[in-house]
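Right, I'll just put the structure down here and ask away after.
In this document, chain identifiers A, B, C and D correspond to the written order of the chains, with residue numbering beginning at 1 in each.
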Amino acid sequence: MAEYYPTALGASSREEITLLGADLAKDVMGHVGFGELAFWLATQRRPSKGETRVFEAVLAALADHGFTPTAIVTRLTYLSAPDSVQGALAAGLLGGGSRFLGVTEDCGRFLHEHLRQTQLPLDESGWDALALEVLEAAKGSRIPGLGHHVHKDGDPRTARLFEIAREEDLVGPHLSLFAAIGRVHPQVLGKTLPLNGAGVCGAALADLGLPLELLRGFALLARTAGLIGQLAEELRNPVANEIFLSVDLNNASVPPEPYGGPHG
Amino acid sequence: MAEYYPTALGASSREEITLLGADLAKDVMGHVGFGELAFWLATQRRPSKGETRVFEAVLAALADHGFTPTAIVTRLTYLSAPDSVQGALAAGLLGGGSRFLGVTEDCGRFLHEHLRQTQLPLDESGWDALALEVLEAAKGSRIPGLGHHVHKDGDPRTARLFEIAREEDLVGPHLSLFAAIGRVHPQVLGKTLPLNGAGVCGAALADLGLPLELLRGFALLARTAGLIGQLAEELRNPVANEIFLSVDLNNASVPPEPYGGPHG
Amino acid sequence: MAEYYPTALGASSREEITLLGADLAKDVMGHVGFGELAFWLATQRRPSKGETRVFEAVLAALADHGFTPTAIVTRLTYLSAPDSVQGALAAGLLGGGSRFLGVTEDCGRFLHEHLRQTQLPLDESGWDALALEVLEAAKGSRIPGLGHHVHKDGDPRTARLFEIAREEDLVGPHLSLFAAIGRVHPQVLGKTLPLNGAGVCGAALADLGLPLELLRGFALLARTAGLIGQLAEELRNPVANEIFLSVDLNNASVPPEPYGGPHG
Amino acid sequence: MAEYYPTALGASSREEITLLGADLAKDVMGHVGFGELAFWLATQRRPSKGETRVFEAVLAALADHGFTPTAIVTRLTYLSAPDSVQGALAAGLLGGGSRFLGVTEDCGRFLHEHLRQTQLPLDESGWDALALEVLEAAKGSRIPGLGHHVHKDGDPRTARLFEIAREEDLVGPHLSLFAAIGRVHPQVLGKTLPLNGAGVCGAALADLGLPLELLRGFALLARTAGLIGQLAEELRNPVANEIFLSVDLNNASVPPEPYGGPHG
C-alpha cells in the first residue's frame, strides 16, 4: 500500500503555502485571475493570456441561461433548506448531466474521436472532406453541437467564440472540424442547422488541451457562478415559493396505475 | 399567484442572448474575466478593476488546500461513480459547511454584526477601541478568523490580502476592524494568535459589498476550481483507491454497542 | 494516529458477511424487515415488534407529501441528468433542511431540551403544568410541531400516531409533553392550533430512543422511498419538462438592480 | 402547456391525507411496513407478503458493506459540515454510481435484455442452453454479477436470496437465467466464478417487476439506512478525523506535471 499520497496542488508548512509549486501569497494572490487559476489547476500548466481569454469567454458563455432546471432546483432547494448554501449549489450542479450541460463535453469528445487518425495540417477543403466523412459515418445519430431549439438562425455565442479564438491564434483542430461541420452538414442532412454555443465551447476547450473527461466540469464551474447569481437574486426578489405553489396548487390527484414492468 | 417570474440574469430571444442586461456575445465574452463575471452575477453591479483584483485574490486564497475532506470526498466519489463528474464535484462541495469552509462567512458576518452601530470614520485608535469592546463582549466564545492550527506565527495569506486591498484602496470597515482585532487581542486573550486566511477573506468579501448570506458561496466557487484540479490530478495520478483501501483494510470489527439515547 | 478504524456495522471475510454482529445471510436476510433493520443500524440495538411498528408508522407519515420542493427538485434533476439516478435522489434530499423536513428534528430536540430537568413520572396534570411552563418560556418564538397551513382543524397523522404508540405501550415523555402542549397551548397563545404530523413524528422518534442528532436523517430515509416513487411516476407520466417550461416561458426579463449590500 | 400536474402519490385536503389512493392515517400508518411501502410507492401496486419478504431481503443485503467509499464520504462530509445531515447523506449516495453500487442495476438490465426474445417457460436444460448462448455472445466483456474480489468461493448472500425466492415461489426468469449462468459459465470462461450478491439482488428485483431504470435506486434506498448507521456510529465513536489526517499528514508534495492533453 502507498505510504504517501503525492499531489502537486495545495501544500503548506508553518511559514509557507504553495499552490502548484508557486508561493500562494506572493506569486498567485494579486497576480493570477480566477479563470487563469482554474485552467492552471486543471492542467498544472499556467495558460497564456490568449488561452485565458478564450477560456474565460467559454465560462461566460456557459455561466447562466436563466430559468434552467439547474437554476430552478437551486432556488427551490434554498427555499426548503436555507441553512445550507452548499446544498442548494450542489443540488443545482447535479442537473449538469447528459442533457442540459452535457453537450459541451459530448461535442469535445466527439470531435476528438474523429481527429485521432487525422494527419495534420489540413486546409479548408481538407477539413470539409473530413467533416463530410464524419457526418456520413454518424448518419442517423445526433451530431453533438448541431442545432438549437431557440437560436434557429445561428447562436450568437458561436460566431463570437470563433472570432475570439482567431484573434488569439487558438483555432486548433477541434474548432476547425466543428466549423467544417457547420459548412458541409446541409449536403448530408438536407437542412441547415446552427452550430450551438454549448458545442463550440466544447470544441474550444478541447483545443485548449483541457482534459476531455472533465469538459463537463468546466461547464459546472461556470454554472456555479451562475447559481450564486440565482441565489443572490432569489434573496432579494424571491420567486421559489411561487414556483413551488404553481406546481403544488395545480396538482391533480389521479388513481394509482399499477406498474406492469418493462415486460408488459 | 405570480404570472411572471422576473429575472435580470440570462435571457434569450431567437437572435440575441443577454446576461445582466448586456449582450452576452458582444459585450461579455472576450471582455469580462471569470472572477469579474462572478462578482457581477452576485451583485448585478460590474466591479471595478481593483474590486476584481481583491475578489480574485480571495478566490485564489480559498481554491485548494490539498487533501482536505472535500478533496478526499471528491476523489472517492469519482472512484465510486466515474460516470458522474457532477456528482463528484457536488459531493465535495457538500463538505463546505460550518467547520471547514465556514470561517469565511462566519468572520464576515461577525464583523458586520459589530459594525452596525458604529459611527464611521474611525482612526486607528478608534478601531482598536472598538476591537477591544468586541473582544470583551465575545469573551469565552471563539472569535472567527483568529487562530490557525498550522500557521501559528502568521498566515501568509492575511498580510498579502491586506496589502492588495491597500494597493486598491479597498480597506473598508470590515478589514479595519479585523486588523484591529489582530492588534489588540493579546490584551484580552493573554496570548497572540494569527489572523487566519479564511477570516481575512470574509472581511475582504464583506468590504466588497457582497451579500453576507452568500459569503460561503464564494468559498464554494473557489473550491469548485480546486476540486476540478483534484479530479484532473486523480485522473493522471490516482490515489483514491489507495485511500479507500487504507481505511477498509484497517477496519477492526467490534461488537455492537446498543445506544442508550441522550437520556442515558 | 489510529492504526485501526473500529466499526460494528458491515464486515466480511472470504466465507462470511456479518452486519451488526449477526450473520447477514442466515440471520438478517429473510428475517429482518427494512424498517427494523434501519432502526437496528442507527442504534446497534434490535427493536421490539412494537418499536418497529411505531417507527414504520413514522416513516409512512413522512415518505411523500406530493409535489413538495424536494419532489419537484428530484424530477427536474432527473430531466436534466437522466444518466444519474443517484444525483436526482441526492438533489431531492438536499432540500431536507430546516424548513421543509426539519420540523421533525426540531420538535424532538425542543421536547428533549425541556425534559432534561424533569423528574419522572408525571401524571396528566403534571404534564400540563410542565407544558405551560415550556410555552411561557418560549413565548414569542415558534413552537416546533404546533400549527399546520392546511390541516387547520387537526392533522390526521397526529391522532393516529398517538393511537399506535398507545397500542404498543410506547408513549414516553416526549409524546406525553407534546400531547400536553396540544391541550394547554390555547391558554398561553390565545388560539387553538393543531399538533402537526412532522412534530408528532419527532416526539415519537425521540421516545424510541433514536439519536436526536439524526432525527432529520429518518425523515430523509422515509423521503428517499418517496422520491423513488416520484421518479417511477415521472418515468411513466412525465411532468418535469412541463414544470420547467411553465417557469421558463413565463420569465420576465427585468433590468439589473445593483446590490447595495446589507449596509445600505 | 399542462394546466394540471397529475400524481397518484401523496395528496391532502383540510381533513384528509391520501397516499397512493389510500387513507394515510387509517390504512397505511400502523399497517404497512417500510419495505412494503417503498415497493408500493415505486410500482403503485401493493406487494404480497412474499414479494415484500424478497424485497426486504435484497435491501438487507445492500444496506451496508462497512468502510466503502460511500461510508467514508458520508463520515468525512459530516466532519466537515456537521450542520447538514442531509448533505452528508447526499454526498454518500453520490458514490452510488456505475462502479460500487451499479452492479445490481447492470445485472438486472443485462438479464432482461437477454430475456426479451425468450419463449417461456423453460426447464433447467433450456435455461442452461440460453445461458450458454448469452455467455458466448458476451464473450470478452464482463458479465455483471459474476465474480467477487473477496468471496471467491461463493457469496453467502446469493444462495440465501435464491432460497428465500424459492420459499416464496418468486423465482422468475431473471433469477432462473442468473442461476443457469452460475452453472454453465465454467464451460465458456474456463474458470469458476461466484455469482455475487449485488448481481443476485438485481435479478431478484427484476423478477419482482420493479422498474429497471430504478434498480440502482433501491440499492440507494438500502444504503441510506446504512449511511444513517454510519453517522450514528461516527457520532459515538468518531474516526473521520483520523481518516482525514491519515491522508493529509501522508501527502507528499510533488512538482506540477503539465498536462499534454489526450493528444500527446
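As a convention for this text, a residue touches a chain if its C-beta (ideal position, glycine included) is under 8 Å from a C-beta of that chain, and two chains touch if they have at least 3 such contacts.
Remember, predicted model here, so these are calculated numbers, not experimental data.
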{"item": "Most distant chain from chain B, judged by the mean position of its C-alpha atoms", "value": "D"}
{"item": "Chain pair with more C-beta contacts, A-D versus C-D", "value": "C-D"}
{"item": "Numbering shared by both copies at the chain C-chain B contact, with half separating same from different", "value": "same"}
{"item": "Approximate Å spacing (C-alpha centroids) for the pair chain C, chain D", "value": "24"}
{"item": "Euclidean distance of C-alpha centroids - chain A vs chain D, Å", "value": "31"}
{"item": "Per-residue multi-chain contacts in chain D, two or more chains", "value": "5-8, 11, 42-44, 66-67, 81, 83-84, 86-87, 90-91, 94-97, 101, 211, 232, 237, 243, 246-247, 251, 257, 259"}
{"item": "Footprint of chain C on chain B - complex, ascending", "value": "3-8, 11, 18, 20-21, 42-45, 81, 83-84, 86-87, 90, 94, 112, 115, 209-212, 247, 250-263"}
{"item": "Interfacial residue positions of chain C with respect to chain A in the complex", "value": "66-70, 72-73, 76-77, 79-84, 87-88, 90-91, 94-102, 232, 236-237, 240, 243-244, 246-248, 251, 257, 259"}
{"item": "Sites on chain D touched by chain C in the complex", "value": "1-2, 5-17, 19, 23-26, 28-30, 32-35, 37-38, 41-44, 53, 55-57, 59-61, 63-67, 71, 84-87, 89-91, 93-97, 101, 150-153, 156-157, 159-161, 163-164, 167, 197, 211, 213-214, 216-218, 220-222, 224-226, 228-233, 235, 237, 239, 242-243, 245-246, 249"}
